[in-house]
Amino acid sequence: MVGGMSDVAIGLVCIAGFFGIGLSGAVLGRLRIATPIVYGASFVVALAAVALALGVLLGEAPPSMVVLPIGLPGTGAHFRLDTLSAFFVLVVDLGAAAASFYGIGYGRHEPEPARVLPFYGAFLAGMNLVLLAADAFTFLLSWEFMSLASWALVVVHHRESASIRAGLLYLLMASFGTLCLLLAFGLLAGPGAAIGGTAGFDHLTFAHMRASPPAEIFAALATVLALLGAGSKAGLMPLHVWLPLAHPAAPSHVSALLSGVMTKVGVYAFVRIVFDVAGNIDPWSGLVVVIAGGTTAVMGVLYAVMQRDLKRLLAYSTVENVGIVFIGLGLALAFRAAGQGPAAALALAAAFLHVLNHSLFKGLLFFGAGAVLTATGERDTEKLGGLVHTMPHTAVVVLIGCMSIAALPPLNGFVSEWLTFQAILMSPQLPQWGLKFAVPVVGALLALAAALAGACFVKAYGIVFLGRPRTPAAAGAHEVDGFSLAAMTALATLCVLIGILPGVVIDMLAPLTRDLAGSALPAQVEVPWLSVVPIAQSRSSYNGLVVFAFLFCAALMAALAVHRLASKTTRKSPPWDCGYPLPSPRTQYSSASFAMPIRRVFGSVVFGLTERVDMPRPGDTRAGHFRYRLRDPAWRFAYGPLARFVVRGAQHLNRLQFLTIRRYLALVFAALVVLMLVVAAWR
Amino acid sequence: MALILDLPLQLLQIVLVVAIAPLMMGVTRKVRARLLRRVGPPLLQPYHDLWKLMHKEAVVADNASWVYRRAPYALFAITWVAAGLVPTYATGLLFSWSADLIAVVALLGTGRFVLALAGMDIGTAFGGIGSSREMMIASLAEPAMLMISFAVALIAGTTQLSAIAALFSTGEVGVRVSLGLALLALIMVGIAENARIPIDNPSTHLELTMVHEAMILEYSGRHLAMIELAAQVKLVLYFSLIACLFVPFGIAGSDAGPLHLALGILAWLAKLTLFAVLLPIAETSVAKMRVFRYPAFLGSAFAAAALAVFLRFVSRGF
Amino acid sequence: MTSLLAALPLAPVELVLVIPALAVPLLVVIPNYRASAIVNVIASGLTLAAGLALLAAARERGDFLIVDDFNIFFVVLTTFIGFTTSVYSATYIGHEIETGHLTPAFVRFYHAMYQAMMAAMNLALVANNIGLMWVGVEGATLATVMMVGIYRTEAAIEAAWKYFILGSVGIGLAFFGTILVYMVASSVVGTGVPAMAWDEIAKNAGALDSKLLSLAFVFLLVGYGTKAGLAPFHAWLPDAHAEGPTPISAVLSGLLLNVALYALLRFKMVVAGNLHAIDVGAILMTLGLASLVFAALMLYRRRDIKRLFAYSSIEHMGIAAFAFGLGGPLANFAGLLHMTMHSLIKSAIFFAVGHVVQAKGTQRIADISGLSVTHPMLAVGLALGVIGIVGLPPFGVFTSEFLLVSASVSRHPVLTVILVAGVILALGALVMRMQGLIFGAPTGKSDAVKASAIPLFVHLALAFAAGLWLPDPLVRWFRSVAALLG
Amino acid sequence: MAAGTSTFLFDIAHLLAGGVLVLSLMLLVQDRLTAVINVFALQAVVLALSVGWQSLVQGAPHLLVTALITLLAKALIIPTALHRIVRKLDVHREIERVIGGGPTMLAGLGLVALSILVVHPVVETADPVAREDFAFALAVVLLGLLMMITRRNAVSQVVGFMSLENGLILAATGAKGMPLVVEVSVAFSVLIAFIVFGVFVFRIRERFDTVDVNVLERFRGEQREHL
């Protein structure tokens, strides 16, 4: 409480601030000064929201409610700020603050700021609104508003047909998700009492849904629908298809928000509906979620490795990370249904920590991609290279981001994956045999995903920043502006800090897990040496601080020893390369060739790979060609047939547009006769 | 035990793993040479090699960045820390809880990440080949390694290496099919991770077959020494890991007296030597594989580990 | 204003009929285009005033006219959109005359027909006598037939012809249904005028012969369903929308369809009051879903911008029919809201589309692109309209679809899934076309257009406001009507 | 009027209604345009008689107006006009059918059966005879519609539509005490229908030199195109 206002009211004020920023963006739009004003103001408001969220989380404030007289008639718009909301407000606005700060610098390169600025504020407002909404109508309204605002940001570069296609697909998938959630809410709320009285639409509030849990079958259906609805926003396979198209299409700081933050709002929706609103859920739905998560993680990263467009690679990597989060959530569901609070708390904490971590390093990496884009005008990794020399600062922070996302100790990505593994190792406690067997398999998938993520980011970093520049554009790169660098550095610092001191964040999650799983992990800050001990020291523990200190000391000692003992002379020379003379930069390993072994290994099964080699005969001087094509199974097996079905259906039905009047009359006549037959048959 | 006693014990382990690493490498080389009917280098040759490399001039490519120069130190530090945290002669050392089995595996992953980046820094074709193949192998080996961890951890109920070793050394777990499969898988993964035959050949520079060597092709002098030493430490790490997980006998308890500790050290050294002898025997009896046969090799390691996990449910029904 | 009207010799309910009816001969004799446009606006404005006065008027019935909550709302909506469209029409037709697409001679009869149509629609709405209701609906149809053919191009004449033939058959079938209802009612209520009074019939619904009542409903459904554009009786609708002048497309979609559906609902209330009669709800739901899915699929193959939105009207009528078929206070509420919002937004879309077509000189979707570059105001209007109509927030259609789906999912899960699928299909098609229209590099000619933005944005603003906040009186109103609908 | 006072009166009404139905069926099978018009005129005459009879039976003199209008408009003026159009435009005298005469007839009979089936009382109500009359009217309506959809020629389609309206009038007049407003509206609609038909036929002739609706197909607003 500040100045007599409840926390949620402050949150709404922040949201109003974002709306105001959006409005001022619309008004100022074309002025040069608009860019710094809009982003600067967004930064300030986002920071305020972060402070609010931290206050609620650390102070473990009780949930606060506000009902505004808008929205559902008679019932009003319910807003509620509890710890779950607060945590996601923290994630969203931390990302938003970084993106806004980054935008102050990056936004200057935007050719048509009038198409970005109004929607930027609206987008931030929409995301925050979703987190505070506490009735189905307000929730979905905000949810869809968020989609709409971000759609406008996706189609900013509207002259590129790829943007437009991405926008369409995005909006379609978003609406699909919204309608799935709507169905879920409908099932949870029940048909509703008569609205003649004063009751209004009260059955559509979360409070009412919580108080009167639906029939079991409805709750199970609602879980599946929530998985579809939230998953389509978060990017679960096979609902991820829009993500790799839409995220890259937007300006980079917006991509960072879309990928790092908005997908988390999807996660929030799932958690809110399934863990909070729906009441007790069948343990088997946990299995469904875990499997969906595992598949998503592996497929996402496999496709990420294959991408040559840097931002698409990052978008696919988002798919992977969302999968990891959902593994944790599914485990938590299963544990909770089995009445195992501590294990559920562990799984939830793992998922939430990964949510936070991913928002940090994915934001950082998209900023990095944006910086590369500004510096070289290229997103295509095959045209980059050697940027470590021209963009030294960016190279350092992006390296931290890459190592974090590849789940390498002692950085933050590892901590959350480690916790997820620990949760997986609790699976023998589950009563269902199916789960006992399935969960370790998912663990293997997670391990595969983690290892492939390493490959993926070695490739991304190696091709873009290391080696030699592949084009003049890459050679002529320059370091980006201070705002961008500051934003990236801040995120990188947070990645390192959370990696070293994860206990602080895990403690912050305790109230959440207590609310959702009925149990929390033991307080971590009190553990000696600041270790992370999810269950008991004898079971498992990890200490990022000690590992980091050891690494630091070991490296220092090695360096000192070498300095004292070894020769310090260094000679510069052209690379040796097994004796080949240094040829053109194009002989370097390219993005596609780096991914080749993995493409081969998983080729036909996962990628639907087709390769075509056109090798000239010896003595023939024409150029050889090698082409390959990957087809996402989601397109091959789901969207392709669906689209064909719609097209064919439309084609068949379209004949009805070209009938003669007589035939139309025949149609009317036939309908009349059928209806008369119905009447004749009616009792 | 008090901190004042614990710290030296932990430090001793950390120092030991580095100190004897070249020796173990010397043993494998010697045995291997003998098996090939050669005399082979002396046992202490790796120490000489390192010393020599240290005192040579380091040749660095014109366009090398700081990544290239820092990588050897980082790689060495990471490998060293990982090795220092695996129980060798005693359980319950001061910092044994700071990283469990999964963290050790992941630390090795960090080392590989750094090395693969270093391989790509110069922008040569061979560096790229090496990095790309290394990451492919890793992406297959790491899941297998984690499956092994699962199998062991599910049996022991913990991922703490120290706790696992303490539990297994009591013998109450008994001999299990699960553990046998996990051991088999761990050996296969270890071979792949340490760039041994049949996955890689540490002593070849044949362009099309090299993996590890391709990445470090440009290194020389003190940088190369660091990388070589890291590779040797890594070998010791895997030996220690196998020893502590599958033959933990003789390992000293957390509150053991000096005598037990001494015994523990001896037992550990004996086990390492045994492995160092066995490794070249295995290596000389098989042929190097083609690159795209690796998935089958590592896939069977993974299958063995997965089977170990599932059998674990069968052999004891909780 | 109420007191002012009270001083008049006529009640508001009569005024909404008399004002446009008087305007018809007046407009026929005014030769000048500009003057007649002004008179048209004034007459529409006065009708709107009378409609608003109806809000305060007593709820009373006579044998011929009735004033209840149900129709007051529709009268207000109709007169409001009638007024805004007349304002829009003045600009639109002015532009058409300037560019020579229309000659003043044709237009003379346009304004008269406009008022005739308004009078007929109001008559259909306030009629208690089911015969009068029929006269109203059919009068409105015939008046619009004339206007659809106004351009006298081959396509326009074909559209008018098609509309006329299908409309006439619909007229006949609806009349047959009306006779049936009378017959059924006369055996209970007694012969003569009371047997044609809707409220008397509804009161005695339970005692009526259920078989004949069912048959009557079938004929009324086909007859009025044709006007409401429900598939498979929709055939006239796309062409009439596409070939007529755009203001008429706006009123066709925004009003005439509503009026026809309103008439159907009146009869639904009667039939639903009879326990043994056919299940009207199921039939309406089936037809509604069929229209929705059919129209949604048809959207994908449209090349003509106005025909595109005409099909979207079929889709929305389908949704409304589904809602009323489902029944229950929530679904009826949703259905009423949906009709209202559809009227507002769809007419707004046609306002925008009309100017777009004038600016680009073509109705072919493929030849229009990059509007956001050349005509930002129209592009924003069109984009907001499409966003509103496909059910994205914060427009009112979102609210109504939200309420409908949440009400129906636990009662008819499978049907709801079909409903949702149809909505998504339609969204895909409309958004795809909308993106093509407003984004990309501009193509073809692009003339400056003196657009009348006020009606467009007033409609959008209302729909926007309704999406966020429904005023309490309106909600109470809807609730009582929803309860009335059963 | 209570049943039993005069079953004879009702029998006559019944007979006349049946006559209208029979003529509807005859219309269906006519092959020549002139014959179609003539049969239609005959149907209008029988209808007028029926309406007149109803006026007598129900003691509703205003129905005589309807009878008169029917006689004048549908039995005399319109057939004459149609004959003239046929002669003047020299449209094909032979009617192109969509389906053959036999099947059309069968369909027609089926429709008659359906009409009787749906009107057939579940519970006995006061006047079953009126219901049967009503079934005939319904059948006439359906047959008119059937005629519209089985003929390609616009003139016979117009005749089909008017035959449909004959059914309506039969039904309206059969309904006892239906207020005058209805008859007026019927007349109104017939009038409007004819005028507008005339306008359109005129326009179509002016532009296409034919009244065959098929020709219009070329001018569909939207040509077939591929995606």
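Chains: A, B, C and D, in written order; residue numbering restarts at 1 for each.
Note that in this section a contact is a pair of C-beta atoms (placed from the backbone, for glycine too) under 8 Å apart; a residue touches a chain by one contact, two chains touch by 3 or more.
Since we're looking at a predicted model, the values are computed, not measured.
Asks: Between A-D and C-D, which chain pair is linked by more C-beta pairs in contact?
Replies: When C-D is set beside A-D, the one with more contacts is C-D.
Asks: Average the CA atoms of each chain to get its centre, and name the chain whose centre is farthest from that of chain A.
Replies: D
Asks: Counting only Cα atoms for the centres, state how far chain A is from chain D in Å.
Replies: Each chain reduced to its C-alpha mean, chain A and chain D end up 68 Å apart.
Asks: Nearest whole angstrom, what separates the Cα centre of chain C from the Cα centre of chain D?
Replies: About 31 Å, centre to centre.
Asks: Distance between chain A and chain B based on Cα centroids, please, to the nearest Å.
Replies: Chain centroid spacing, chain A to chain B, equals 35 Å.
Asks: Just how far, in Å, is the C-alpha centre of chain C from the one of chain A?
Replies: Centres of chain A and chain C (C-alpha means) sit 43 Å apart.
Asks: Two or more other chains touching the same residue: where does that happen in chain D?
Replies: 118, 122, 145, 148, 157, 216, 220, 222, 227, in rising order.
Asks: Quick check: what residues of chain C touch more than one other chain, meaning two or more?
Replies: 161, 165, 169, 173, 211, 215, 238, 301, in rising order.
Asks: Which chain A residues sit where two or more other chains touch them?
Replies: Expected reply: 647, 657, 661, 665, 668, 672, 676, 679, 683.
Asks: Between which chains does touch occur?
Replies: Inter-chain contacts occur between A-B, A-C, A-D, C-D.
Asks: Quick one: in the complex, what on chain D touches chain A?
Replies: These residues of chain D touch chain A: 98, 111, 114, 117-118, 122, 142, 145-146, 148-149, 151-152, 157, 213-214, 216-217, 220, 222, 224, 227.
Asks: Using the touch definition from the top, list the residues of chain A that touch chain C in their complex.
Replies: Residues 69-71, 73-74, 136-137, 140-141, 144-145, 147-148, 155, 158-159, 161, 164, 167-168, 171-172, 175-176, 179, 182-183, 185-187, 189-192, 194-196, 201, 204, 218, 221, 646-647, 649-651, 653-654, 656-657, 659, 661, 664-665, 667-668, 670-672, 675-676, 678-679, 682-683 of chain A touch chain C in their complex.
Asks: Give every residue of chain C touching chain D within the complex, in rising order.
Replies: 129, 131-132, 134-135, 138, 142, 145, 152, 154-155, 157-161, 164-165, 168-169, 171-173, 175-176, 178-180, 182-183, 186-187, 191-193, 195-196, 209-212, 215, 238-239, 242-243, 301-304, 307
Asks: How about chain C: which of its residues touch chain A in the complex?
Replies: It is residues 161-162, 165-166, 169-170, 173, 211, 214-215, 218-219, 221-222, 226, 232-233, 235-236, 238, 276, 278, 283, 294, 297-298, 300-301, 328-330, 333, 372, 387, 390-394, 398-399, 402-403, 405-411, 413, 416-417, 420, 423-425, 427-428, 431-432, 435-436, 439-441, 467-470, 472, 475, 479, 482-483 of chain C that touch chain A.
Asks: Would you pull the chain A residues touching chain B in the complex into a rising list?
Replies: Chain A residues touching chain B: 385-386, 388-389, 395, 399, 403, 406-409, 414, 418, 421-422, 424-425, 428, 433, 436-437, 440-441, 443-448, 450-452, 454-455, 457-459, 461-463, 466-468, 529, 531, 537-543, 546-547, 550-552, 554-555, 558-559, 562, 565-567, 569-578, 580, 582, 585, 587-589, 593-598, 600-601.
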